[in-house]
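Here come two complexes built around chain A, the first alongside chain B, the second alongside chain C.
And now, the complex of A and B:
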């Protein structure tokens, strides 16, 4: 549905290739396993915020409950391995399918409301699941946590990180490809109309509720995949961290920071937030300073770059490369007289 | 006007009664007929129920009683999507473009109910020819266009479903005189292209100059209807509803 100008392709392609090259070579460039694990955390954030952006970016519905979907993916994967004895990656895909199925009734209820009401419903989902997973200790391990068997027990830690780094990179590429395809489809056009004005979109024949439900399910599936893969990599789950409003808020922050209407917006946001969080943890330990910094960052983004970093930078470049984008058509007095004569 | 109008109306609202909530009814037994290939203009004072007539016709408001007949079929109680599928498009009051989307995306959304890509492309080409501004600003963000240009994008979008009837609610609202002229020229072009138009307009004199048939609406009923030129020449109507005698 959307045409890409040649100038954008010529400018964007080298940047894209350089980015892909950097991502693929990072495990070889990282001087120690710790930095490689930071790379995995950043990729995990990028997967989760891109997954969130299927819902938030296309429809404008701000969900703070996506942390719960990631938690369900993580616990689902872990429980299918430990309780049902499934192989690790079969458990990951089965858990994803279960979360996607669960997302249908969840979305059916939550998507009937809009704006602030939807945000509150999404927060309620996280809190309810936190209580359930904390108190159902016989199944989930409760506050003691749940240990997830490693899928590659023969690998040493650096190799384990390296394998998961590429798995996360592959998952991110898949999520980005899906987002890109939807963005250019008729389905995507309908979703963007929902984002602009849901009632108007409905009056033009867009099946708004069905579309929201489908994209919510897609978003939930990718979020669950991200959460499940994290469980396989990290190997230890705690309900307090898995079902945290903060993790959902970080997904929103990362997407807003980079730009929700841009394919790579959440990836850039994840890079900035992920590195920032690790820096605060290393420099200041277990202090709440990283939360203060996150809050300040969100305030700065909302005030100075409400559309995110990528659109803001694109606009600056656009002023140099696309001077004909002015809103008012410039005509000379002679042209006006000619038009009046006609 | 010198135009021969069809004797069987394409759209007919018969004895419509409707209100908002428990308030007094806005329309009280209103009957309006729109012949094929004609511009019918509803004029009247504020609060007469002009916009409500269009909302009832397009399915946004369900009438408490009365019938809506479109092309010989009873479509009373149908929703906006069904009315769109039946061939009735509604261009809302004010600016209703999707501001953050391109003109192209706005126009293509007008044909969202059409599954056949070739038909969508063919219709898009047709409306681009009909509205030069739409063609010229095809890849521009709709929100960057002037008010008059946005209105033409809305007209183009409404024509994507190849409607039999288009309902226009105050198309000149907030536009400068030059843009208003352009908008009314486009209304005539829509009529000439075979689409019947039911027009609601505050600028009553300008609207009646464009229309084939005029209906004066007051207190929820049509008080007088007839050829638009006759209404314009009626001095009493001029005093009561058209803002005095013409200069």
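And now, the complex of A and C:
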């Protein structure tokens, strides 16, 4: 086992360095500001999807409502700037703190029972917030939108993109680092125990409810940071897009497609889905066909590769490079039992 | 204080709306009872049925109610196929979560296809009796709403009789209560589960036709339905059909009454407030049994 993990480090390190190099040099390589803005959108997706993966990956609780948390971060940032006169980045962090605080009562209601109710609450959250933010026009500008003042008014458009590209890249690095640290901690082990068998984890003394609540708060905070940073970059908010169930679904799709148990799974998923979405926008404009395509892709992922492309691909490679792999697979006792039953 | 007539009208409208909610929530509860599936696409099928009714009316000029003869069997078969070919093939360990995503994907697909085929334009059926209404002690009740309620009520009654008094209903309820025990008793639970799913989707066909009679439909309308419906099944207690029906009537009535002081938009929040309050105070719902406590 030891030599295998060592080999993985030696294989992984150059790949990781190459990836970081590519991400950092992309702004100089991108031939025009449009492509740079696509890069920012993809990075934003990667941040949000990684943030989602704190909850979805570790505990297996699937939230379709993270789009609403990002929207709250965005609107919180924008309102703190315009109504309270705060400086841009102070507003971003204040909004993040507010969303994290809001996540506690939300998580309290959503996490007391198991999965099904959690999903229902997460969807309800999006729908109720959309309703509130559209109707409360005196505060949020309603359907006509809300303009967010730029944090760097002196910068020209390409430089503005470039600055935000690196801000998003930094945020992504921070989120990945946190995920990696939790993944190797005792806390992370407890969360995974919740994913595998919540009853057993509880009976063995894991404080499952507290763990779930903490990770939900962390996940909400990162999501709000991503949403708030997007608001500062994009500069214009519309409730229909901020509180859309679709944006939450994209986070799930990206994470699942890449693989929720892998650190870089959501990033890979964001790369594939993000570029795909941009391509669709260019090719087909605003037809509802992107809904059809997203639906089909999500269905294919759920039906045929619920563990994501990284495990599927690495399984294929594993057959070539590590024929004498350890036989211990990461499956739960319940899955094995059910496989045996079939 | 609103006038008596207005109040009475709201009560009657709430009752009528609650009937439709009850039918649709009963379908959702069936899916959940059978295989612990939160069927997000339920309301998308509802809108699909409404579109079929509208399209049938535009094409043939016949009464949209006649489209039921086509949609109900079609939806039943679709439901059986969905259960047998898609949902039953998911990993049992992660079924609840993955089925949410799968049905969500189906909902997106339906919404996208409706938007593509019929564009996002709002559609409404024009009928000879669309504008006629009944006067009831100062309350004006549209005839189409009464027909919709009658349809929903009849379907709900039919569902109740089927579940309580037919052999298939016994088998289905046994499957819901304890799958392994039902299989030991000689019930082909897989087939029964498939038919149960078909039955759930058939409620969406009836509900959709009822909806098409007096509502304007557009492809993304289903999001406005799935939220209240899911709130209803949680408040009623996941898996309990009577619970869902009672919660549907109470919340439908509350929505209708709250429209007087708050307006239509804010009145919708009552569903979500009830949902959060239920989960915080009584997570298993108000009429849920043992089943609801675990989900």
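The working rule: the second predicted complex is superposed on the first by the 320 of 342 C-alpha atoms of A that agree within 3 Å, B and C clash if a C-alpha of one lies under 4 Å from a C-alpha of the other, contacts with A are read in each partner's own complex, and residues count from 1 in each chain.
Here is the rule we go by: contacts are C-beta pairs under 8 Å (C-beta built on N, C-alpha and C of every residue); 3 or more make two chains touch, one makes a residue touch a chain.
The structure displayed is predicted, hence computed values, not measured ones.
J.: Kindly classify A:113 by the partners it touches after superposition: chain B alone (first), chain C alone (second), both, or neither?
T.: Second partner only, chain C.
J.: With both complexes superposed on chain A, which partner does A:189 reach: first (chain B), second (chain C), both or neither?
T.: First partner only.
J.: Of the two partner chains, chain B (first) and chain C (second), which one does A:205 touch, if any: first, second, both, or neither?
T.: In the superposition, A:205 touches chain B alone.
J.: Considering only the touch criterion stated at the top, classify A:303 as touching first (chain B), second (chain C), both, or neither.
T.: A:303: touches chain C, not chain B.
J.: A:127 in the overlay: touching chain B, chain C, both, or neither? Say first, second, both or neither.
T.: A:127: touches chain C, not chain B.
J.: Once the two complexes are aligned on chain A, which partner has more residues of chain A within touching range, chain B or chain C?
T.: Comparing touch counts on chain A for chain B and chain C gives C.
J.: Have a look at where A:135 lands relative to chain B and chain C in the superposition and call it first, second, both or neither.
T.: Only chain C; A:135 stays clear of chain B.
J.: Mind listing the chain C positions that touch chain A in their complex?
T.: So the residues of chain C in touch with chain A come to 32, 36, 38, 40, 86, 89-94, 96-98, 100-102, 104-109, 111-116, 120, 219, 223-224, 226-227, 230-231, 234, 238, 265-266, 268-269, 271-272, 275-276, 279-280, 283-284, 293-295.
J.: Flag every residue of chain A that touches chain B in the complex, lowest number first.
T.: Contacts found on chain A: 1-3, 186, 189-190, 192-193, 195-197, 200-206, 261, 325, 327-329.
J.: Could you pull out which chain B residues touch chain A in their complex?
T.: Within the complex, chain B touches chain A at residues 60, 80-81, 84-85, 90, 92, 96, 98-102, 105, 108-110, 112-113, 136, 139-140, 144-146, 157, 161.
J.: Could you list, by residue number, the parts of chain A that touch chain C in their complex?
T.: 60-62, 64, 105, 108-110, 112-117, 119-121, 123-124, 127-128, 131-132, 134-135, 245-246, 249, 252, 256, 287-296, 298-299, 302-303, 306, 332, 334-335, 338
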